[in-house]
Amino acid sequence: MSRGASSHVRGPAPDTARAAAFTRDEAMAVAAARRLANGSVVFVGIGLPSTACNLARATHAPDCVLVYESGTIGAKPTRLPLSIGDGELAETADAVVSVPEIFAYWLQGGRIDVGFLGAAQIDRFGNLNSTVIGDYEHPKVRLPGAGGAPEIARHCREILVVIRHSPRAFVERLDFRSSSGERVAAVITDLGVLEPDPATRELVLTELQPGVEAGAVVEATGWPLRVAPDVAECEPPGDAELAALRALEEAR
Amino acid sequence: MSRGASSHVRGPAPDTARAAAFTRDEAMAVAAARRLANGSVVFVGIGLPSTACNLARATHAPDCVLVYESGTIGAKPTRLPLSIGDGELAETADAVVSVPEIFAYWLQGGRIDVGFLGAAQIDRFGNLNSTVIGDYEHPKVRLPGAGGAPEIARHCREILVVIRHSPRAFVERLDFRSSSGERVAAVITDLGVLEPDPATRELVLTELQPGVEAGAVVEATGWPLRVAPDVAECEPPGDAELAALRALEEAR
Amino acid sequence: MAHVTTLSEAVRELVHDGDVVALEGFTHLIPHAAGHELIRQGRRDLTLVRMTPDVVYDQLIGMGCARKLVFSWGGNPGVGSLRRFRDAVENGWPAPLELEEHSHAGMAAAYAAGASNLPFGVLRGYDGTDLAARTRVAAIECPFTGERLAAVPALRPDVGVVHAQRADRKGNVQLWGILGVQREVVLASRRSLVTVEEVVDELEPVPGAAVIPGWAVTAVAEAPRGAHPSYAHGYYDRDNAFYAEWDAIASDRDRFAAWMEANVLAVAR
Amino acid sequence: MAHVTTLSEAVRELVHDGDVVALEGFTHLIPHAAGHELIRQGRRDLTLVRMTPDVVYDQLIGMGCARKLVFSWGGNPGVGSLRRFRDAVENGWPAPLELEEHSHAGMAAAYAAGASNLPFGVLRGYDGTDLAARTRVAAIECPFTGERLAAVPALRPDVGVVHAQRADRKGNVQLWGILGVQREVVLASRRSLVTVEEVVDELEPVPGAAVIPGWAVTAVAEAPRGAHPSYAHGYYDRDNAFYAEWDAIASDRDRFAAWMEANVLAVAR
C-alpha cells in the first residue's frame, strides 16, 4: 500500500523527538488513522483504508470495530490482510455473517459510524470514480468498479477518503461517478487534508502534511483548490505511530 | 393429539392379521402418514401433522425431510415434539436457520413438496379457517390465527389437510378464510379421505376409514358432500404402523 | 456498547408506557423474566408485538399492560388457547385489545425489513385469504416483470427484548439452537434488551451459535432461567408440563390473578 | 438429493454453452477447479455472474468462454487489475465482453431475491451515481411511506457453482469461515454444483459452519485444493504470492496462453 511513493521528508521541527524520517504515504496513513475515534464502528475497504484502520486499532483506538464487506464484524487482524476476505479476518471476528446480511442488516441498517473509501478519481465535492478512465463504452482504462462504494458512501454516518494527491486523481470532472460525496467528512492525502465547506460542500484544504506547502497541493489538484485561511500543518507522525505502522506492514 | 376421540373400531376383515383394535384417530394418523412418499420434503405443522410425518418417517418413509417453521431443516425427533420449537428439533436437524430465512429461502423458495395443515373449519374447496369462529370484530371464539398457513398453502407443491370430521368443522361457509385450498391434494379425516375433483376443485369423498359408511361421512359434513362412485375402503392400519404410532405417542 | 445492568434497571430505563415492545423467541428463548418485570413495573398502553404470543403475552394481556397486539399466531403450542388473550378479545377483559394480525411469513419479512432499515418487506403471500382485508398489507408491482406481490410495513419497535444463553462483559451476546427472529428484532428496534442465562468472561465458540455484537445492543441483564417455562438450549428444557397447567390457571380470572400475585408481583428480583 | 460425482461429469451434465453461470466465493472458497474444468470442456457464450470476478474469471474471459459478465468489482484484490478482463473490455480480445455492472449491495440483494423466489430485491442504493444509468435497476415506491427505493432484478442463474470444505455421502454440504453468498447462489440457481475438499462419512459440527442440505443441491464433486489460489478455511491458506504473480502472467497474451496450456488444458482430472 505505502510502496508507491517513497520520497522521504523530514518533520518540520528537528528539536522534537518526532523528527524521524517518514514517507509521505506513512504520513497519510497516520493522518487517516488519527481521524478514527476510539470505539467507532468502521466499514473498511482494502488497501489504504485497511492500513489506516488497523493502525488506529494498534495505537489510540484499540476498541475500534472493524467491519469488512466480506461479512466479518469486529475483525482483529494481527497483520494487514491482502484481501477483504483473508482467513484471519474470520478467525478473529466477533461474528461472521453472509454478504447479503452485511449489506442489508449492518451497512444499510445504519449501524456504521465511519466508512473508508479509496478511488482513482475524486472531484471537488468528494464524488468518487473507481469504474473507468475515459468513456464507459470505450474506456481507456477499465478499473475494477464500484464494489461496495455506492452504498458505503450513502449509509455510513461519515466518509473518509484516502487517496494520493495528483492532478490525474483530483479532477475537474469525473469520467464516471461511482459514489456520491454527500457524506464525505475529510479527504486525507499524502499532501494534506481536505474538508467540505459546510455551506457549499466544496472541498477546502484545511491541513498540510509536514513539510508540504499549500501551493504544492493546489498544483497537484485538477481544479482551483480553495485553501482555508487558517490552514494548519498536521502533527508529524510520532515514533509510536511509525513503529506500529511499520510493524503492520512487515507482518503482511 | 389422538386423545380426543377414543371410540374403538374393528378392522372389517377379522380373518386378516391386521384386525387389531385401533382408534379412529389412529386410523387418521396412519392414513395421513401413508400419503407421504419416501424422500419428500415436508413442511410440518404441530399436532396431527407432526404425528403423521413422524409416523411416516418411522415406517415407510425414513428419508422424509421434516422442515419445521421454527427453522429446523431435516429434524429427526425421536419423540413427538409438543411445540414446533422443541429443543430436540434443533439438536437432530441437518441445519437450523432463522425464521425469516425458513419462510423466504425455503418455503417461498419453492423447495417444499408437501405442506401439512390442520384447521378449525374447512369448506368444500379446502379453504381453511384457523382464525375466528363468529364475526371477526366480535368473535364467539378467538382461535390462534393463521400462523404459517397462508404461505404454506400457497408455496408447497401440494397440501394435505388432517382434521377430525364433524359438521362444525366441515362447513358450508367459513367464518374466516385463513388459507386457500388451491393446492389441497387430500383431506384426511377420522372418517375418510376427500380429494378435489380435478375440474371443479370441489372435495369428493374418495376413501372411507375401515368400518365407516359413506352415509356417516355425508352426515358429518356441513355441505352436501359428493361421494365418488368408486369410493374405496382404506387399508386398515397395520401392526407395524400401530406399534410405531403408539411408541411415538408414548415417548412424547 | 451495551451496558450490562440489572433487569429492573434495564426495564425502567428502556421501556415506557405507550411504547411498541416486541418480546421475541420462537418457542425457544422467550424472555419470560423480562415480561414479568414489565408487569411488576406496571407498564401500560403497550403495543405488544410478537409472532407467537404465548404464556408471557397471556400474562401481560391479562394484567392489563397491552393496548394492542401485533401477531401471527396466538396460542398455547400443543395445548390449545391462550385464555387471557381470548378473554380480552372476546369480552374486552381486563381491557379491549386492538389486533393487527399477520401471517408468520409476513411478520418475518417485516422484522427483516426493519433490521435492514427498509420501510417495507416483500413476499408472495396473503392472497386468497381474508387476512389481507384485516391487516396492514399492500400490493406492490415488480418493476421488471409486472407481477403483483404483497408488501408489509417494516416492524421498528421502540424496544426489542429477547433472551439468550450468555453474554460477555462487553455485552456481546451469544445464542444457539433455534434462532427464531432474535437477531432481527434486536436489529430492527430502536432500543434493545437482551436477558441472558449468564454473563461470562469469554464466549467460547459453539456450533450453530450466532453472536450479536455488544455495540448493536442497548442493554444486557443477567436473568438465570429467564426463559422458563420456555427453554434455553444447553441450559434447561422446555417445561411442557407448565404449559399444560397454564391452561387451567388462565381459564379463570381469579385463579389467574392469584397466580400472578404469588408468582410474579410478590417476587422481588 | 445431490448426487456425488466427479467434477468432469458434473460440469458435463450441468453446464451448457450459452448458460448463465455464477461461480461464487467472496475471496474465500472460490471454485477455481470447477472454472478450470469449464475451460477444459470448452464452454462458450457463457454469461458469467460473480460479485468479485478475480483470477478464475480472468482465466475464463481470457480463454474466450464468456459473452457477458454480470459483476460488481472486477480486480485482483490487493494487487490491482485483472489483465484479461481489461483486455476484453478495452480491446475486445479474445472477444468483446458485454458488461452488466452493479454495486455489491445490489448483487447481494439480487441473489437473496433469487434464493427467495422473488422477482426483485429492494435496497437503498445506486442513487447519486452513474451506475443507475448503466445497469438494470428501477425505482420502486414504498406503498406505506411513499419513499422511493431501488429495485434490482433477481439473479436466477442456470447454474450456481461454489466450493466448500466438505460434504457427506448424501451430498449435505458444510462450509465455514467467510460465508459470502455461497448459500444464496446455490439456492437461487436452477442447477447447482458444489465442489468440496473432501467427502466424509459424517459432518462433525464446527462453530460458524453452515450446512446446505443435499436435497437442495444438484451435484457434489470432490476437488481437493479446488479453491486454490483462493483458500479453504481450515484446509489451506490463500496463496497471496500467486495472486501477485498472476498480474505478470496475465499481462501478456502469449504468456497467459502458455500458462493456461501448461497448468489447465494439459492437466487431466
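The chains carry the letters A, B, C and D, assigned in the order they are written, with residues numbered from 1 in each.
Basically, contacts are C-beta pairs under 8 Å (C-beta built on N, C-alpha and C of every residue); 3 or more make two chains touch, one makes a residue touch a chain.
Since this is a predicted model, take the numbers as computed values, not measurements.
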Given subunit A and subunit C, the chains that contact each of them: D
Between subunit C and subunit D, centroid-to-centroid distance (C-alpha), Å: 39
Whole-Å gap between the CA centroids of subunit A and subunit D: 29
Junction residues of subunit D, two or more chains touched: 112, 117-118, 123-124, 183-184, 208
Shared-contact residues (touching 2 or more other chains) in subunit A: 104, 108
Contact graph of the chains (line, ring, star, complete, other): other
Touching pairs among all chains present in the structure: A-C, A-D, B-C, B-D, C-D
Residue ranges of subunit D touching subunit A (in the complex, touch as defined): 26-28, 51-52, 71-75, 77-79, 81-82, 85-86, 89-90, 101, 103-106, 108-109, 111-112, 123-131, 134, 177-181, 183-184, 208, 231, 233, 237-238, 240, 243
Interface residues, subunit B side, partner subunit C - complex: 46-47, 69-72, 81-87, 89-91, 96-100, 103-104, 107-108, 127, 131, 136, 139-151, 153-155, 176-180, 182
Subunit D residues within the subunit B interface of the complex: 1, 112, 115-118, 172, 183-184, 187, 210-213, 215-216
Complex contacts: residues of subunit C adjacent to subunit D: 117-120, 122-124, 136, 138-140, 142-145, 147, 149, 151, 153, 205-209
Residues of subunit A that touch subunit C when the two form their complex: 39, 41, 65, 73-74, 94-95, 104-105, 108-111
